[in-house]
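Below are two complexes that have chain A in common, paired first with chain B and then with chain C.
Let's turn to the complex of A and B:
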């Protein structure tokens, strides 16, 4: 049976210009994206969809701190485990310029500790 | 002897008093002329006033560029800071028709975006703290190109100078983005900077090459590096409970520029905070910094000694670059540097207190000591196209 997918497009649903790490440092932070958008969607896994895909297309660029807090932060906060990353949660882009960030997220997730 | 008429006597007394007054005034004028040396024009909200100016005004180097006249420019900036924050500033003396502490920008023949930003940031801080009281001196004597750059940057607005005369400057002259400033990590401001720079490059036909690849810099990566630099300033530059030599306003300043003649794109972010060498001992990775020096750590890193600022920045960059298997924190400096490796040709320079760190793509990491502090941290990315 084919997996049902919930897609989150950062540019459409969050910000074209993502910010830094923490909410207290300014708008559109990684913490804000994780807690307000990503975590509620991940909590719905198994209830109508089996996978979540985060689409980077349309975003101006990213600071490493945003990506670390948004994605590796999920591991540190115990929202999902490393094994589920890449299986239940995927990061995708069709924009060649943004593909470097897909690799960066993988690196930060690999280095994260629960 | 003929007796003087009372009326004549009164007239003679009055006349001699008036003549004495004139002589006293003339002598006072001569004294002021001798002490102050020259007349200058002050500009304020479209009005001009002529006053006597002290010979001791701060003279700035003709080449006000941080790339080829670094030492002289940081010394001049230090003098500017001292003048702006000295007790005997413009205000009181101007009312008496003279100024004793002033800065002569007319001597500048060439100005770089980074030097212009630091200059503007110093004036912005002084204006913010003083409320008002800063005036521009002899704007009509400023070099047209320098005046245009400072006007585009927003410097003339800080001094309430109205630019009402069109300037004749070269078409291929420096194009600089209006100065941006903030306290937080402002994503939309970083986005605006990259958008304006992209527009400038597009106008010059320099945005992309035939294959569509960016000629100067990938603006997605630039955007990320600028956010990291803002975050660095926000987290480390202005700790609470710190005594400051000069008062701070907890801000960062930023600009970008395209120089078609030099085929160079510059982005620069400056803060007036404690600097990397001073914040380094408070890093959670400071033990790694010490370990990076092997058996001979420069113990002064812990003693707030500017003599080792070059070593301190180098160490901070090296530790940030080689951090693996740890959380992301501390990797910000490495990401700031990594932008240079995505350019075809480029250079990163970090001035922090009295240290200057340089990394050129494909080259070595170099660091040296400056004659005086730059008064915070300046991060400058340059990409050549």
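Let's turn to the complex of A and C:
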């Protein structure tokens, strides 16, 4: 079975300095990233690609609140379920300084409830 | 004066060789010891840097979480500094991680995750931020855990440390009996 991938590079397609949690608090928020970028791409799963990979490389760092809203927010909003994380939606970085944020997202996703 | 045929001359050569071998062993042992000492002190300094940075970050985070969101740039400045601390903590950790045993590095990574959530999780950056007592305390606790784990990991880099620890524990047990 073909396993096509849609990659989202946050630094290139969104922001090098992502903001906080909510759209009302300023630009490049987790809510903005989730609703404007991630959700439309996830809705396209199965229509040209089977997996979405979010690449963190190039970003200067994240606030935990951004990551919680952007990724765990997908579960709270019922966009995807926990099982889809690591299967349909992956988060990757080749930058060791950013690898902690991958672990942080996993922690938020684990604690999220629909 | 001993001649080459004289057994006394061979004895002298052997004495010189023993001296040379002894000196070589001493020099090598000193070099190994100095090299280890230098590396350990350098590693210890890096751990101190990480502990200091984490501690400063935790103090600033506790101040931040113990106050509500305010108008003006005060909050933005603290938020920028907390993000900067995160970058510094990760910079220090990346330099250290490969020097520790995997069994020690894994819990430190988890403590870092816990600290990062305490620094910038929750309502961080939100204009409606309320006082968050949990995060104010969690920042301090996660830092304390990080420091303890780092010191333990540092001790575990000492060669033959486990033998020394086991011996010390046995001796303590015998002295109690």
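Please note the rule applied: the second predicted complex is superposed on the first by the 113 of 114 C-alpha atoms of A that agree within 3 Å, B and C clash if a C-alpha of one lies under 4 Å from a C-alpha of the other, contacts with A are read in each partner's own complex, and residues count from 1 in each chain.
Just so it is clear, contacts are C-beta pairs under 8 Å (C-beta built on N, C-alpha and C of every residue); 3 or more make two chains touch, one makes a residue touch a chain.
Predicted model, so just to flag it, every value in this text is computed and none were measured.
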Report clash or fit for the pair chain B and chain C bound to chain A in the combined superposed model.
clash
Applying the touch criterion given at the start, work out whether A:27 contacts chain B, chain C, both or neither, answering first, second, both or neither.
first
Once chain A of both complexes is superposed, is A:63 in touch with chain B (first), chain C (second), both, or neither?
both
With both structures placed on chain A, which of the two partners, chain B or chain C, ends up touching more residues of chain A?
B
Thinking of the overlay built on chain A, is A:18 touched by chain B (first), by chain C (second), by both, or by neither?
first
Where does A:103 make contact in the superposed view: on chain B (first), on chain C (second), on both, or on neither?
second
Would you please give the residues of chain A that touch chain B in one complex and also touch chain C in the other complex?
19-21, 25-26, 60-66, 68, 97-98, 100, 108
Parts of chain B lying in touch with chain A, wherever the complex brings them together:
184-188, 190-191, 194, 218-225, 227-228, 230-231, 234-235, 324-328, 331-332, 335
Residues of chain A touching chain C in the complex:
19-22, 24-26, 60-66, 68, 96-98, 100-101, 103-104, 107-108
List the residues on chain C that touch chain A in their complex, please.
79, 83, 86-87, 90-91, 93-94, 97, 109-110, 112-113, 116-117, 119-127
In their shared complex, at which residues does chain A touch chain B?
15-21, 25-29, 60-66, 68-69, 72, 76, 97-98, 100, 108, 111-113
